[in-house]
Amino acid sequence: MPVLEMKDICKSFFGTYANRDVCLEVREGEIHALLGENGAGKTTLMNILYGMYQKDAGSITIDGHEIVFKSPKDAIARHIGMVHQHFTLVPTLTVQQNITLGLRDSGYPFSRERARCEHIDRLSDSYGLKTHSRTLVKKLSVGEMQRVEILKLLYRKAKILILDEPTAVLTPQESDHLFAMFKQLKAEGCSIIVITHHIQEVLDHCDRVTVLRDGCSISTVETKGIDAKQLSTMMIGRELVPVARERQNHHMDAPVLELVDFGFKRNGGKVGSVNLSLKQSEILGIAGVDGNGQKELLETLMGLRHHEKGKVVCCQQDISNASTAERRLAGIGYISDDRHRDSLVLDMGIAENLLLRPAQSTTTTQGRMVNKQCMLEQATRVVKEFSIKSHGLQEPMRFLSGGNQQKLVLAREFIGSPKVIIAFQPTRGLDIGATEFVHNQLLAMRSAGCATLLVSTNLEEILLLSDRIAVIHEGSIMATIENKAVDITRIGLLMAGVKTEGAAR
Amino acid sequence: MKRRDDEWVSLLVVTGATLLVAFGLIALVGSNLMVAASSFLRGIFGSSYAMSEVLVRATPLMLAALGVSIGFKTGFTNLGAEGQLYMGAIAITATALVFPGLPPIVMIPLVILVGFAAGGAWALIPGFLKARFSISEVIMTIMLNYVAINLVGILVRTSLKDPAYPYPMSPILPESANFMQMLPPTRIHAGLVMALLMVIAVHLLVFRSRLGFEMRAVGLNGRACLCSGIQVNRATILSAIAGGGLAGLAGVSEIAGLHHRLIEGISPGFGYVAIIVALLGKNHPVGIVFASIGIAALQIGSMAMQRTAGVPTSIASIVMGALILFLVIRDSRQSIAILEGV
Amino acid sequence: MEPIVVVTTFFAASIRMAIPLALAGLGESISEKSGLLNIGVEAIMLCGAFFSFMVVFSTGSFFLGILAGMLGGLSMSMLHAFLSIRFKANQTIVGLAQNFLALGLTSFLFLMSFGQTTTLPSTRVLGDLPIPLLSSIPFIGQVLFSQNLFVYLTLGCMVLAHICFYKTDFGVALHAVGEHPIAADTAGLQVHTIRYIAALFNGILGGLGGAYLTIVKLGFFQENITAGKGYIALVAVILGKRTPFGILGAALVIGGAEALQIRLQTAGTGIPSQLFAMFPYLMTIAALLLTIGSANDPAALGIPYDRDKR
Amino acid sequence: ASETKASDSMRVALLLSGPANDQGWNAVAFAGLKAAEEKYGLQTAYSEHVGIADGEAAYTDYASQGYDLVIGHGFQFGEPAVRVSSRFPNTKFMAIESNVYSKNAASYVMACEEAAYLMGMLSASMSKSGKIGMVGGFEQPSIVKVVEAYKLGAKSVNPSIEVFEAYISSFTDVALGKEAAIAMADRGADVLSHVANQAGTGVIKAAEERGLLATGDSYDQNAIAPGTVMCSTIYSVPMLVLNAVEKVQNGTYEGGVFYLGMQDGVVDIAPYNSFDGIIPDSVKTLIADTRESILNGSLKIPMIETPTRN
């Protein structure tokens, strides 16, 4: 008997269906994958199960009893737990406070910090989820936050665990570790629902998979006896064309971007330091486990954090102490890893979001006024070129899917034909179709002569796109290697901080 | 179409509810309902003078509310329009008294400029402190209101005092600093024209100009602007200055158009009511025109009601509070659903 | 006059001035911690002041009066919470509108009850309640332990609030709801319920602050008796960074500035009185400048929580 | 525009800057209007809370409704009266305590200083500590002249008397008024006086609470604290209104600044009430004699309108 059965679930927002007659059945002790394009309705379905959204129609049965959840509180009481894609942790509370938030254990209403911390430590030991229960969540890396989210479920004794794109922020090793832990939970009788865009993960680790498309459930299949091709066809209705990186030969000698002894402050006060140089038509990939200073490095490079020491030269121009605007004007484009926070004004439309760049670099401004005509023409062009799906140029970005939002960010950064693109996790959270598009665009820019600094925790992506690969660990570059016949184990070791012989520059 | 109908239905419901409150209270004090209602309407529409008074009162409200709205767009919560208005009033007084001989053609632009600058400078203080040191502008602006009001008190007793009289007020300003009376005997003056021009200017600034775009973007997502190379602090500070300047113009307009001298208490809380006007007008210049006229009419009408029907002003205060609450309820998305459900 | 007496009376005066600010400020800080920004503290205090006076006037019972003050404050804070939560209204507009509403309502009801009169309806005031032994400690005894019930009540509330904020699950929940309501919701907290509870405290404490004015300090009610103290309480909240003792400190600074300016004025100087009137505000600005770089507004302050909207 | 009086009774309107029940300046005017209405069969109307911005509109509205006499109670109503007066030649305008006039608009100034002088004498005579206090509202001529005359009166009795003075920059902040009085009491003042309207009530309450003596202002304020208020100044607005009404009726109302004092029955002091037996006869005689000299013109109390800080 399935532990969970969702039948004919319907949910619409403002008249359009997010879920239409979706069915999902999860058995006890299985890892069940949920697959689908951006906007297919995966998150919506899980939010309904977790009591965040109220379904319009359909029924949910758990252990044979039909249930109605008014809020997550009810779901938690029935031992359901969910880790959202955008973590739901309070940054200004400690790990322990976040994990025990809303619980009433012994001693209520007083917080029994010590007992709770001990309990958390026991849990984290037995599942290999290393944390410090007394640190503030805002000091944690993304990976650590995810561990806290999972501990939150375990602390609450969840029997059905839902994870929305948990691997999007993890390195392959971390992902493997995560799935290993799922297997342990599975053995203890838990059921796990995982949303993911990585088909390989589904095939490697999951027992069954349900595919959603356009709000409808296409089918549920066993992962044994199905291959990646079949799955992606089920998901996007076509076959995926693998991205190919051709060799580029016109590398100029003079570097376009050069970081000399470039220092940046990391969280916790440690100072990282790197030397890097980028040539025209080159993609330099920086691989590394999340939280090794990538974010700080890039934000300092963009002038968003205090410049510590060293020099940044872009096209023979020293921009070490330049403002963000000046750096952008010098020809640097920036794709942040958090598009909602750093890249988009969600309440503005497509057209206006394209204006989000230094005033001097826009072509749609005449004098001090914005040329509306020009602005709309530009937006129309971009929407067409990047095939952005929307309900009009003025539709707030909020209502676009993540994939389409990301396309717009790319489009904007590419408009001014930048000399350098800094791309930080450019495909995080995107479905395979959108990912394919982004990769193609980055390669197109490369062909056009643009130098790209690609920072990603996704090693596959790095290997696929980069001409050279640098590995970052604890704020410094361990080694830089040409991307020909690279030794994956060596990169793995470098990422873990183990230096090996033969590191070439 | 249905949507439009709902708007009207809900507006009717709001009007009805407000009237119910008003009539209930008036009946409680034992005033005659018909007299009260007719005097309210007469106070607003009764004569061309009455109607002009509504516009006279709407003028400073409009200017100050425009100022407040610019701040709100950038996320600068400017509760200091009252103080900025008084700074504008001080500025025009001082300027006109220092250069009494200037011809109007020089004087008028000068006092407008100086008034704008004074209001802007007063708002620059919290604007700068917010942008540079992230000090709460909410408190800062409230505190600066008190400071400005007391500053007026000091000035009209010292350097700007009329030496001919013992009263705490400035001398009458030279004629050249007076705004034109447009339709005598009504008190409508050129300040109204200035306010309407400012509506257009603010509309252009906020919705057409590059700077206005930056201001709105900063208000909606400052972090994204920072990452995009938009000068966030510049936008914040400029919006503070522009907003304060507009409130300063409200002070200029009151002095140059009505009082012709600086005296304490020229603003019966215009700066605070302006916040409500801005919010009711949805921070949109055109919305503000209607909201300021509406609120002015409400105030003028209830004062007339007090004069004729003896209805206490406290009822006007209650009705104003209630009306705003009803409007707020109406505006919330859910309430439309509720009204539909009923 | 002996210096020690000057200092004692000054501190006693500062405390008297600080009590209503501290009580109302504490209430507002609870509300703000939960994410509800209520600019209408003035309204809460005014209703507290009015209803407590009316009940003491007609029943003579301070107990009932204090209760009525709390209920008066509650009526305003719960209205604000209801409109902010149920209707997701703009919290600033609601607060400002309530200030108009309460000013009108209390003046109106006062007029209805007593008419236009030149005889001031007044009551006894709650007397001082020196604490045995403690009150005989030199200086401290005079300043702290020879006061009225409300002073002890305020101190008690501060201690309780401190414990509640930093030692209990409710404090953590309050913080979570104001900082990240989605996180609180997914963790199983009832965001709206907690906000209503916060508004409840805001009303009770603000109502007490108002009641202090009428039934402890003055013994009568008059139109607009709070005269802007609600706005100053908002200042104390920010200055005190929403911590109970911070707010108490801020209230003492503001109250102390007020007490000081009056004392300086009676000492007879040639300075214009408006400069003295400005003094407390200038002090506040100065104090605010000292908080440079430590803005700590709850992230969700003033933003309605809507599950369906991400 | 208005026609000539159709009805038999005269119509008089009054503009007040604050609430009619402020226990002071406005209350006394309102009471005066009501008394005049009863006595002379007038038809009356009044407006509260008329700010400077609204004065002109209020005058205009009453005038266009055909009121015969429109009175603005406060100096700030002078200018608007003059400005409106030319448009309504058939209406008479009046501003109290102002100094401007036109053909049909007059300023009536009450010689409040005469009563205040007597209050100063009484306070100084009754003070045991040699220190008395005076709390003013705003620093403006109508208030300053009272404070200054009070000081002169006190000094005439006891040249070495110490008079504490403070302007609290508010007519409404009762709590601040009380605090100012307490500050003075803390410095040893044992008689407390005020010219602060509503806020002055706080002064009287402070005196009552401390077991000190007080004097009232504007009307007999003994009822506020019967065991505390020895005597009060009286500004008799009915007399003022009568004076004007009579002139309007017999067609002699004209522009100008008119000073009305004790001799005209407009200014006086209240009875001692329960203090009749407490105030020594010598003091009573002294005050009665001084009052007599003011009445017969042999003593002229100077009108000092800017503060002379000692």
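The letters A, B, C and D name the chains in turn, as written, and every chain counts its residues from 1.
Note that in this section a residue touches a chain if its C-beta (ideal position, glycine included) is under 8 Å from a C-beta of that chain, and two chains touch if they have at least 3 such contacts.
Here the structure is a predicted model, which is why all the values come from computation and not from measurement.
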### Task
Chains touching chain A and chain C alike, please list them.
B
### Task
Would you kindly say which chain has the C-alpha centre located farthest from the C-alpha centre of chain B?
A
### Task
State, to the nearest whole Å, the distance from the C-alpha centre of chain A to the C-alpha centre of chain B.
47
### Averaged-CA centre spacing for the pair chain D and chain A, given as whole angstrom
75
## Note on the structure
Between the Cα centroids of chain C and chain D the separation in whole angstrom comes to 35
### Query
In chain C, what residues contact two or more other chains?
107, 111, 223, 272, 274, 277
### Summary
Within chain A, the set of residues that touch 2 or more other chains is none
### Task
Note the residues in chain B that touch 2 or more other chains, in rising order.
150, 153, 157, 312-313
### Query
How would one label the connectivity among the chains shown: line, ring, star, complete, or other?
other
## Note on the structure
Pairs of chains in contact here are A-B, A-C, B-C, B-D, C-D
## Note on the structure
Listed in rising order, the residues of chain D that touch chain C in the complex are 19-23, 27-28, 30-31, 34, 133, 136, 139, 164-170, 172-176, 178-180, 182-184, 186-188, 198, 201-202, 205, 209, 219, 223-224, 309-310
### Summary
Counting only contacts in the complex, chain A reaches chain B at residues 302, 304, 323-329, 334, 336, 341-348, 352, 355-359, 361-362, 365, 368-370, 372
### Summary
Per the touch rule above, chain B residues touching chain C in the complex are 25, 28-29, 77, 129, 133-136, 138-140, 142-144, 146-147, 150-151, 153-154, 157-158, 272, 275-276, 279-280, 312-322, 324-325, 328-329, 331-335
### Message
Residue numbers of chain B touching chain A in their complex, please.
### Response
204, 208-211, 213-214, 216-217, 220-221, 223-231
### Task
Would you tell me which residues of chain A are touching chain C in their complex?
13, 50, 52-53, 71-73, 76-77, 82, 84, 86-93, 97-98, 100-104, 108-111, 152, 398
